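Here subunit A shows up in two complexes: once beside subunit B, once beside subunit C.
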Partner chain A sequence: MTAALVTTGPRRRTRFWASFAVPGVGWLIAFFVVSVYAVMAVAFGTVDPVLRTAVPAWNPLQWDFAAMSDVLDRVFGGDLGTVFVRTFRFVALSLAGCILVGYPVAYYVARKAGPRRGLLLVLLVLPFWISYLMRMLAWTNLLQLDGIVNDVLQFLHLQDEPHNWLDGNWYTVVFGLTYGYLPFFILPLYSTLERIDGRLIEAGRDLGASSMQTFFRITLPLSVPGLMAASVITILPMFGDYYTNTYLTSGSPKTEMVGNQIENYLLGTSQPQTGASLVLVLMAFLFVLMAYYLYTTLRQQRMAER
Partner chain B sequence: MSVFRRKHGSARWLALITWLYVIWSLAPVLVAVRISFNSGKSRSSLQSPSFRWYWGDPTSSVWHDESLHTALFNTLELAALTMLIATPLGVAMAIGLHRWRSRVSTGANGLMLVPIVTPEIVFGVALFLVFTELYSGVPSGMPRQLIGHITFTMSFVVVIVRGRLVAIGDQYEEAARDLGATRLQAIRLVLLPLLAPAIFASVMVVFATSVDDFVISSFLTTGASTDTVPIKIYSGARGSSTPALNALATVMLCFTLLAVALAALAMRRMSKRGGDAEGMAGGLAGLSG
Partner chain C sequence: MTSSRRDFLARSAQLGVLLGAGIPILQACGSDSGSSGPVADPIADGLEPEKGPLRVFNYDSYVNPDVVAAFEAQYGVKVEITTFTTDTEAVTKLASKAIEVDVHHSMAATSIDRLIAGGIVQPLNKSYIPNFENAFDALKDPWYDKGSAHSVPYNFFGTGIGYRADRIDPAQVEEQGWDTLWNATDFKGQVSVLDDEREALVMAMMRKGIFDVNTTDQAIIDQALADLSELIDRVSVKVNIEAYKNIPEGATTVAHTWSPDLINAYAAYLPEGTDPAVLGFWHPPAGEYLVTNDSMGVVAGCKNPVLAHLYINFLLDNEIAEQNFSWVGYLPALSKFDADYVIGAGYVPENLRACVPTTEEIEKGLYLKPIGADGDAKYTAAWSTFTSGA
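Our next item is the complex of A and B:
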């Protein structure tokens, strides 16, 4: 608050506007900042020798890094390392799927759809209003042994016997993640592609470039910020996802991701200290992406308000 | 958009991909809805239609199975309360941050954006730990879930409303002040009506986010009495479940679509430029920068 009082301009005015932000900021500090700090206090705290419950260390001077170094040992070269590598692989493959399907769709709706754009936009937004888990439920219906997918594949003679899709297959998980996060990927990309100045593309065509050349030398480079934003906005939740893989594989350990380990340490086996340490490791991995998002968003805000 | 644009083969391919994507993204949900009307227990094939899993079945239909309709009411109550609290907090914060320029406000602005990029599992764990270790006075169950949902959704409101504030500019409010309105009057009589479409858009987003949330609700649930619809869908599919799960999901979907339709209608009436799908998509896309 003190900094607000020394700024230029009438004090009362500053205080007036600041008072609007105070409840929200206070709420975020009380329930977001303090909560994240609680994760650190538990991770760097100790465990009650008798009850085996967490004894958080609220004072940073009393932090104990034994549990964290144990978790780090397991992440770099131990059993948790396998889980991290698998999570990374799932996310990378799903992101590739999102780009392969999402880019053409966003590009078509933003620049080529013509009079159908309004309708297509509604259809693209629709999945936002359908519960994520309902969309996954739909696939568990379709992918059953006697489900419609197997029926269709057998009818087309693409397979002779029904295939068990929900049996802990990595490709089912990648498919599910791609399907689940594509709507979130397409919209930010759409809004960037839609804002590209059409005159730039026309100029490219007028100067003799083929439509392919125009796309690769003008549209694609100009859409990179949108591609980045869309990727970040899908990668971050995917990394913490543990329900898609669990749901589509009936909880098979073969497709376990980092989120499963975290959930299990906190809610399953009551080892909050290990779980909290793992959350911090995950956040450290994602830090660059989070920082990138914050940096670009703040820069855009400043440009918009200038 | 050039008038001289020719129809290229590539545009036809793109159209094909786009329509296939739309079908792929929506058809499975339609099948799931159709399965909810099955007369038998099959969750995989289509059987003759009935309302058995809605109210016909005396033990496990949505109407008769207490755990299912409790989850439905919990979800709606949680979403309604989240909307009522997160929206005013977020709108006020957006107005405040828009006008209040200082180093502190820059920090507050950055802080406001962090929840948007925080993976839900981090949120779930953080809230779970803070409530068990520090705020243990807060009653477990719905009150904790409510606080979680508000914390998670408030930033969406701020981002959407701020975008609109930038678009409106300061001149209307200044005019009101020149004509003798006090600062509060200018906000109430000029700014809030101008913000109405953005407020409706954020109410929709808050509602949809809260209704859709699985991770935070499940980290803070205390059992069957505070389970929500996503938790039910998640835990139901593991055991031997019936199409009642599909029925529950379908009822929830109807509520969401109804809420969205109402909000979109209100938005269209409020904003002269039309709060149609483009506005909605713009608002949602705004969340990602």
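Our next item is the complex of A and C:
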């Protein structure tokens, strides 16, 4: 009797805590697994001959891979390849921008801000109070030919003529993505930097390392997990973004991203299978990035445990 | 597949559709068996209107709320408006039975044949729609719906060039026509074409003198793509449907756009104190002028078919249509609204007279018509290549 109590007690407790995962698992099944399967059913389905709407193929035995095959051909060597490469370039540059701007900010707030930390955190979150679209619309006004940005640059004699920032320039899109997603980058990085044990940094200094050496040999390596997490959180939505470039370049073909092609195929044409196939290709690409992130994180965890 | 100026904001608002997963899921909903056949019979004569609420399916901001309120007051019912963002989305939602509505307020001419054949809209009983008499004569028996059996016209418009007359000489636009877009090298980044695959590609064809606007000839489409792609480097062309605000605000100098966009520009977006003479609109002569119209219909199997007929009749009333036009900016497809009337009433300035189609332009108008799945696929592929900037 006593032995039975000893064994069932922990088991019951384990089941109790495990039950906490039920809502999360249910959520994932309902809004990820089922959703992705629905996308697959459309991508590998057919189109109603009269209405041209999607006829999803729920049975995998009936899947038709023609649309996916066409999309893959176009991604690897066709016009969609150009769009994928451009999207990758925009995201990479925007991520670099986030790191250059975001890391010092996160570092300062986490390690150096002292009593002002709370206020600075509020200021960092402040952009979230305004809709992303509204912020992008505001930038289109600021960046237009007679906008404030050109006025200021001319006032400072940094340019003689107003520059057309909205002229389908890649750097305007990169700026918009960097600006828009910067708070998403800073906050997770901040939480990692803030948790670094100060005694490790002090030990480095005590052993004769300069400030820079301490940063590069202690702070930076310890912040890599936060850097990775912040990068993943930032680039995943960036890859699917289609409104930043739409707003900032008014639909210039020079700045078309994958998200724009998906939007066009799903909302503007009679080829939903192509749009859904593009969604799957992009998901597969993002899955590779995510898998690399998970692999790196796990490896770091194991190294830390040794 | 025709989009509209209203599409843009609504599309952009779909932030929750990251990676576009939302729409395929919507498209996966509903019947797997595809479309049913056309509905055979209209409702009977003399039926009493239902108690509502009347559910209307429309683009956002494409009917005057005061007009809707007036209908509610007159018939003692509530009207609920459900919006869609593109014609493709509207067809998808109706076909998948994702929504239940009574009136399809804005059917694109290129979709009506499919909506009829797929049993999405039902035949109309004209005894409930006496105001149909007010419609343009040319649209009482339209090509897309013989005898207007399933639809009545709502708004009418054409495609041309909207421009800033204070930057480009109107005489130059008249002389150069569509070439104006290619020649606007002094206005790089201030030139746009419509974000609509057939409109844009067909415009490039008409520039080269090809007026078979429903061609599916691959060589012609390829040439149109090559010509359109030339605009990318030549004038840093933009692809959007925002000329209605970009021209009056000065961000765009020359735009391939719809005629009502200039009326909207004048009525709602021209900065205070700006002379309306800065706005200009050009379109090709009758017989080469691409025109179209949105139409209203009653959804098959709806709960309030009588009320739906009365609503459509209400919108075709001349006074109500004028009230609607004053807010929407798109010209009602009713005979009353000729150029002299809308200019005299102050809705349109004299310099934008070309925005109001003449009877001859309507009768001789070129229409984009259904070209089948294979034809659409050719245009979609060309459009995708153009917008990709490849």
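Please note the rule applied: the second predicted complex is superposed on the first by the 252 of 306 C-alpha atoms of A that agree within 3 Å, B and C clash if a C-alpha of one lies under 4 Å from a C-alpha of the other, contacts with A are read in each partner's own complex, and residues count from 1 in each chain.
Everything that follows uses one rule, which is that a contact is a pair of C-beta atoms (placed from the backbone, for glycine too) under 8 Å apart; a residue touches a chain by one contact, two chains touch by 3 or more.
Quick caveat: nothing in here was measured; it's all calculated off a predicted structure.
Once chain A of one complex is fitted onto chain A of the other, the partner contacts of A:279 extend to both subunit B and subunit C. Contacts of A:144 after superposition on the shared chain: both subunit B and subunit C are touched.
In the superposition on chain A, A:52 makes contact with subunit C only, while subunit B stays out of contact range. Of the two partner chains, subunit B is the only one touched by A:294; subunit C is not. Within the superposed three-chain model, A:237 lies in touch with subunit B and with subunit C [touch as defined at top].
Of the two partner chains, subunit C is the only one that A:167 touches; subunit B does not reach it. Within the superposed three-chain model, A:130 lies in touch with subunit B and out of touch with subunit C [touch as defined at top]. If you count the residues of subunit A touched by subunit B and by subunit C, you find the higher number for B. In the superposition on chain A, contact is made by A:254 with subunit C only, not with subunit B. Touch criterion not met for A:89: it reaches neither subunit B nor subunit C.
Residues common to the contacts of subunit A with subunit B and with subunit C across the two structures: 35-36, 38-39, 41-42, 54, 56, 132-133, 144-146, 237, 239-241, 243, 247, 250-251, 259, 262-263, 266-267, 272, 275-276, 279, 282-283. Considering their complex, residues 1, 3-4, 7, 14, 16-25, 27-29, 31-36, 38-39, 41-42, 54, 56, 101, 104-105, 107-109, 112-113, 118, 120-142, 144-148, 151, 179, 182-184, 187-188, 190-191, 198, 202, 205, 211, 229-230, 232-233, 236-237, 239-243, 247, 250-251, 259, 262-263, 266-267, 272, 275-276, 279, 282-283, 286, 289-290, 293-294, 296-298, 300-301, 304-305 of subunit A touch subunit B.
The touching residues of subunit A, counted against subunit C in their complex, run 35-36, 38-39, 41-43, 45, 47-56, 58, 78-83, 86, 132-133, 144-146, 164, 166-168, 237, 239-241, 243, 246-247, 249-256, 259-272, 274-276, 278-279, 282-283. Interface residues of subunit C facing subunit A in the complex, by the touch rule stated above, are 1, 3, 11-13, 15, 18-21, 23-25, 27-28, 32-35, 85-86, 88-89, 91-92, 95-96, 114-115, 117-118, 120, 188-189, 192, 195-197, 229, 232, 236-240, 242, 246, 250-251, 373, 376-377, 380, 383-390.
Touching subunit A in their complex are the following residues of subunit B: 1-2, 8, 10-11, 14-15, 17-18, 21-22, 24-26, 28-29, 31-32, 35, 42-45, 89-90, 92-93, 95-97, 99-105, 108-123, 125-130, 132-134, 147-148, 150-151, 154-155, 158, 162, 166, 183, 208, 211-212, 214-215, 219, 229-230, 233-234, 237-238, 245-246, 249, 252-253, 256-257, 260, 276-278, 280-282, 284-289.
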